[in-house]
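Structure incoming, see below.
As written, the chain order gives the labels A, B, C and D, with residue 1 at the start of each chain.
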Amino acid sequence: MLILMKSNASEQQLEAVAARVRDLGLTPHPLKSSSRTVVGVTGEYNGLDPAVFSALAGVSKVVRLSVPFKLAAREFHQDDTVVDVAGVKIGAGQKLCVMAGPCSFESEEQVLEIARAVKAAGASIMRGGLFKPRSSPFSFQGLQQGGAKIMDLARQQTGLSFVTEALDEASLELVEEHADMIQIGARNMQNFTLLKKAGQSKKPVLLKRGMSATLEEWLTAADYILSGGNSQVVLCERGIRSFATHTRNTLDLSAVPAVKELSHLPIIVDPSHGTGIRNYVPPMALAAVAAGADGIMVEVHNNPEQAKSDGGQSLFIEQFRQMMEKIPAVAKAVGRAV
Amino acid sequence: MLILMKSNASEQQLEAVAARVRDLGLTPHPLKSSSRTVVGVTGEYNGLDPAVFSALAGVSKVVRLSVPFKLAAREFHQDDTVVDVAGVKIGAGQKLCVMAGPCSFESEEQVLEIARAVKAAGASIMRGGLFKPRSSPFSFQGLQQGGAKIMDLARQQTGLSFVTEALDEASLELVEEHADMIQIGARNMQNFTLLKKAGQSKKPVLLKRGMSATLEEWLTAADYILSGGNSQVVLCERGIRSFATHTRNTLDLSAVPAVKELSHLPIIVDPSHGTGIRNYVPPMALAAVAAGADGIMVEVHNNPEQAKSDGGQSLFIEQFRQMMEKIPAVAKAVGRAV
Amino acid sequence: MLILMKSNASEQQLEAVAARVRDLGLTPHPLKSSSRTVVGVTGEYNGLDPAVFSALAGVSKVVRLSVPFKLAAREFHQDDTVVDVAGVKIGAGQKLCVMAGPCSFESEEQVLEIARAVKAAGASIMRGGLFKPRSSPFSFQGLQQGGAKIMDLARQQTGLSFVTEALDEASLELVEEHADMIQIGARNMQNFTLLKKAGQSKKPVLLKRGMSATLEEWLTAADYILSGGNSQVVLCERGIRSFATHTRNTLDLSAVPAVKELSHLPIIVDPSHGTGIRNYVPPMALAAVAAGADGIMVEVHNNPEQAKSDGGQSLFIEQFRQMMEKIPAVAKAVGRAV
Amino acid sequence: MLILMKSNASEQQLEAVAARVRDLGLTPHPLKSSSRTVVGVTGEYNGLDPAVFSALAGVSKVVRLSVPFKLAAREFHQDDTVVDVAGVKIGAGQKLCVMAGPCSFESEEQVLEIARAVKAAGASIMRGGLFKPRSSPFSFQGLQQGGAKIMDLARQQTGLSFVTEALDEASLELVEEHADMIQIGARNMQNFTLLKKAGQSKKPVLLKRGMSATLEEWLTAADYILSGGNSQVVLCERGIRSFATHTRNTLDLSAVPAVKELSHLPIIVDPSHGTGIRNYVPPMALAAVAAGADGIMVEVHNNPEQAKSDGGQSLFIEQFRQMMEKIPAVAKAVGRAV
């Protein structure tokens, strides 16, 4: 940690900072440059909030030297983690993982038809919401318990694995029982109670990036899950909020190489929420693969025009098939099988 | 609702859109301009997701004519709501409400000393966390149950009302029992399970704006609480995430006049989280009052340099006193008592 | 154009709006829904600022039905434009165009060495600044006139075409004389005087997206150039400003499919400025190709560690070669030659 | 300057960094902590681009210890600058400065009527565009030369001072000749050629903040003007681009206390562009004064409903008068006269 003093900080203020550093069992190393003094801090300060120093008089800024997350950090865990979703492996060296399915489960017919189609086109995991975190309390909230049974049936018939979102402690239990992977949505990325609960699960977790989360915040949220003992976490970039309005969110594909540098966890990309526009999904899915993502998650519907939610960003089944035909060549070009 | 067709949409696509509108029991009104056709939709479509139309072929965009929230909307409820926090009234025509206190409760001495000081300086509600939603699982997580007893004691000794944050269902019960107002934090603004639970409470709720929430999303979150039967909601602007780095968040004071136009709910401003820098808090608090806010919420600590969290943005008690001396004249200038 | 009235707008206000519409030679079409009235406007209103209606009492919002740009719009010009840079063709159906070179020209040796290397690796256009728009007046400002001569020499020796940035009217003349393509930088995207001047040039123009420009603003800036009679404009996505800090800018690859839908102009991507970090450039360049870009522009330096500017985001020559080996397969996978 | 090495940087990489520091005539001070090494750099490195170090192998990040601007920095110039606009003084200790007028000059009658009205209500400087930097080439571009004569006439009749925008070198000459203060607009904040030209002028300059400019970039742009010898620069906050859509821009009032800490230059606020909505202008103008701004700039029109541009954000004259009645009490509450 480095403590940058203000250019007009007094000797007494510098002394007080050094004293506070020593109080906390650490060692201060003042370095005076022409314009200001910096105090390097060495010792064991795991878990110490840098803000304790920014509160002191004469301090301009505190700069961390280490990342705020630990368990998710490549720094402390060099080898890539491989996550196993009921036999489907995600991560370094493994085949590109394709997750596909509707926004929400709406009926048995809908789920089974989509399941067969995405399986045939090459997907290995099916997505689909049982509970919907709708912005408005007056909108469709999902099939819930009824959807869980349809999920079991679809697994039996197709052999696909299933990922679905848990919204709270109650739904997490249902999801844990029926799904193969628990999804934590963007809105819940910092719902620490839910993260801790997911950390105690035996099922792998898909952690979506919050709408305005930095990579540090996202990986620190992953630490909440990992610190509970669950090492099976996959990250999912799904677009961030920016000023741009041509897409629903701004898909930040640079998160792929950046997460690979900072962390050992696998990362996949969701271009459906990342763009919100059906026709932009295939090019952005291909781009995600080219950028080195470990997988993609896309919304596909047998009848998007009648979908209860997210119809505008759901691919037609035929569109999904065509996209899946192009993916192997892109994956191969960047050294990955499908 | 207006459905804008693409400029190259075909007659059949237009027909299909009109048919879908009629299917939903609504009436389509096509209007053809030189460059494209717009379909106005009339009828009762409460709760209908506009996305059902954006999924149709040939549709460019769907424009709502009404706001997506209802119960929070001034459109449907003209008179300003006044919220009563154990006798302290917040809202139109009422005195400016000042909430002050530490980020977290740390000890009995700390709480009592700050309580007496902020009461003497003119605050009517004390803030302070029992549970802390810390980004890292390794940081201080709050006094919890122990803090609740200190709160009761401080109320007895000073007559202040208390607001504190609930993080989940379990903590909401404790907060509901001991505090006078339940705070829902920025990170939980779209934790719909928690919002629904708060909607069933008899205690008033302080709903902070999410870090990247539009006003529509914020007011729709308020609808979740209101629709549970709890009409006592106060909104709190606390800064949004932008590219700017000179402050921790970007305090969006224009939310004050905008919320007053869109909604009947009271709105207060938190310049402590809004700036993250102690010396910017007093000018921004005064600005919030001048902009017409119904109150302010500021962090004050008896010893910010030793605070367990947010020390850098907490006012010294003396600083708070000096700020409180300037507030009445600004409030009066914009027609409000303190 | 649609004029949305406020829900509490009076009949008189509606009348006044209709009258203003008629005054401007247009026809109003009021449509009353349960919650409010919308006035559709038909007729010829090219160039009319929608703000003229938002100024009227009772008006809530004005919604355009057509895009604000014309000459750049696919709506009015279906076929893809192909831009010719001294024989190198950019745009639909043409080979992927690779532009590469240093941030700034620093010396004859530097330029010639890089020129030979990028040519050998497959680039067809060389980039490199003669003038540098440096944030600080105290930084290196470019070789200027001296660099132009080096450019001529490098063209002679390698047969590459050259693109370089013009900062103002004076530098535009020099650039026009020596380069094959005039670059307008992100900071000048709305320097309308410079855009008009570029519109009068016979040389093709590379128009970078402004740091916080929407696609509408960007394409309207292109209209400034096109309206001067210069039809040879290539757009370049180079990252936008967001809250994210893991990259210098946030590369918005979704601009590629979106621009292709809205406009007939070619679009290329600059992952060097888009990320600002050397190691993220190759994956993002591959992603740009997979997303359907007509080309890429990357910074390459023979000695990035000694570069006068942007060294941290410049590829080593060897790194560039390795990236160029992967590009053909990705391009081919999405149906394009290199 | 501090150079943070990566956690896995080798001894050789550290050596190479130290060698490069010494090559540049500076002194390296390595500090090893448990997780990584930091190299403090001391010596005279004015104008050195920190990026020269971020290009080196093993370097994670470079942290500046001093601000990138010099002449605008309070660090090097403690006393507040007072700017004199033809007798109207702006800055510390001086009366609050009110600039008011239409977006554009449209006719002699319009200008004279507004001039008399804003003068009577207490403004001391009139604003109004001769040249309009319109996003579209097809929109109204200003009265230009003709407007300059109207300006001279209005000055004669009212004694007001005038500020108007220069778009390029040609318009700067006309503005310099007729106006009392040269405005550099948000879109030109990094038009370095224009900034240098303004730096050679004898007239004071109003420098608006760019739409996505950090305070460092803004103050560095001011350095371009100051380094030309013109010390008379006033900064103007006018809203930044964020995801929020309830206002045209997000007015960042925290820039007021932050600029006052970082710089000695006066700062004013433009709530008209900052919000884009007429009814939000008075509360935000009052908030700007409460936050400590040295002045405000607002758009006022004698007939906003017929204005050629920005009508929706222009105050009616009567609205301006009412706002001006509240301002003195707010100004006085924060220790400033009007």
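Heads up, the rule we're going with is that a contact is a pair of C-beta atoms (placed from the backbone, for glycine too) under 8 Å apart; a residue touches a chain by one contact, two chains touch by 3 or more.
The shown structure was predicted, so the numbers you read here are calculated from the model rather than taken from an experiment.
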Inset, instruction - Could you pull out the chain whose C-alpha mean position is farthest off from that of subunit D? - result: A
Inset, instruction - By the contact definition above, name the pair with the higher C-beta contact count: B-C or A-B. - result: A-B
Inset, instruction - Compute the distance, rounded to whole Å, between the mean C-alpha positions of subunit B and subunit D. - result: 31
Inset, instruction - Just give me the whole-number Å value for how far the CA centre of subunit B lies from that of subunit C. - result: 39
Legend entry - Chain centre separation (subunit A, subunit B; CA means) in Å: 26
Legend entry - Junction residues of subunit C - those touching two or more other chains: 212, 241-243
Inset, instruction - Could you tell me which shape the graph of touching chains takes: line, ring, star, complete or other? - result: complete
Inset, instruction - Spell out the residues on subunit C that touch subunit D in their complex, using ranges where they run on. - result: 20, 46-47, 49, 51-52, 54-57, 68-70, 133-140, 167-170, 187-188, 190-194, 196, 211-212, 217, 220-221, 223-224, 227, 241, 278, 304-305, 307-312, 314
Inset, instruction - Over in the complex, which subunit B residues touch subunit D? Could you list them? - result: 212, 214-215, 240, 242-247, 250-258, 261-262, 274-275, 279-280, 283-284, 286-292, 326, 329-330, 332-334
Inset, instruction - Please give the residue numbers of subunit B that touch subunit C in the complex, ascending. - result: 1-2, 4, 7-8, 29, 31-36, 38, 40-44, 63, 65-66, 75, 241-243
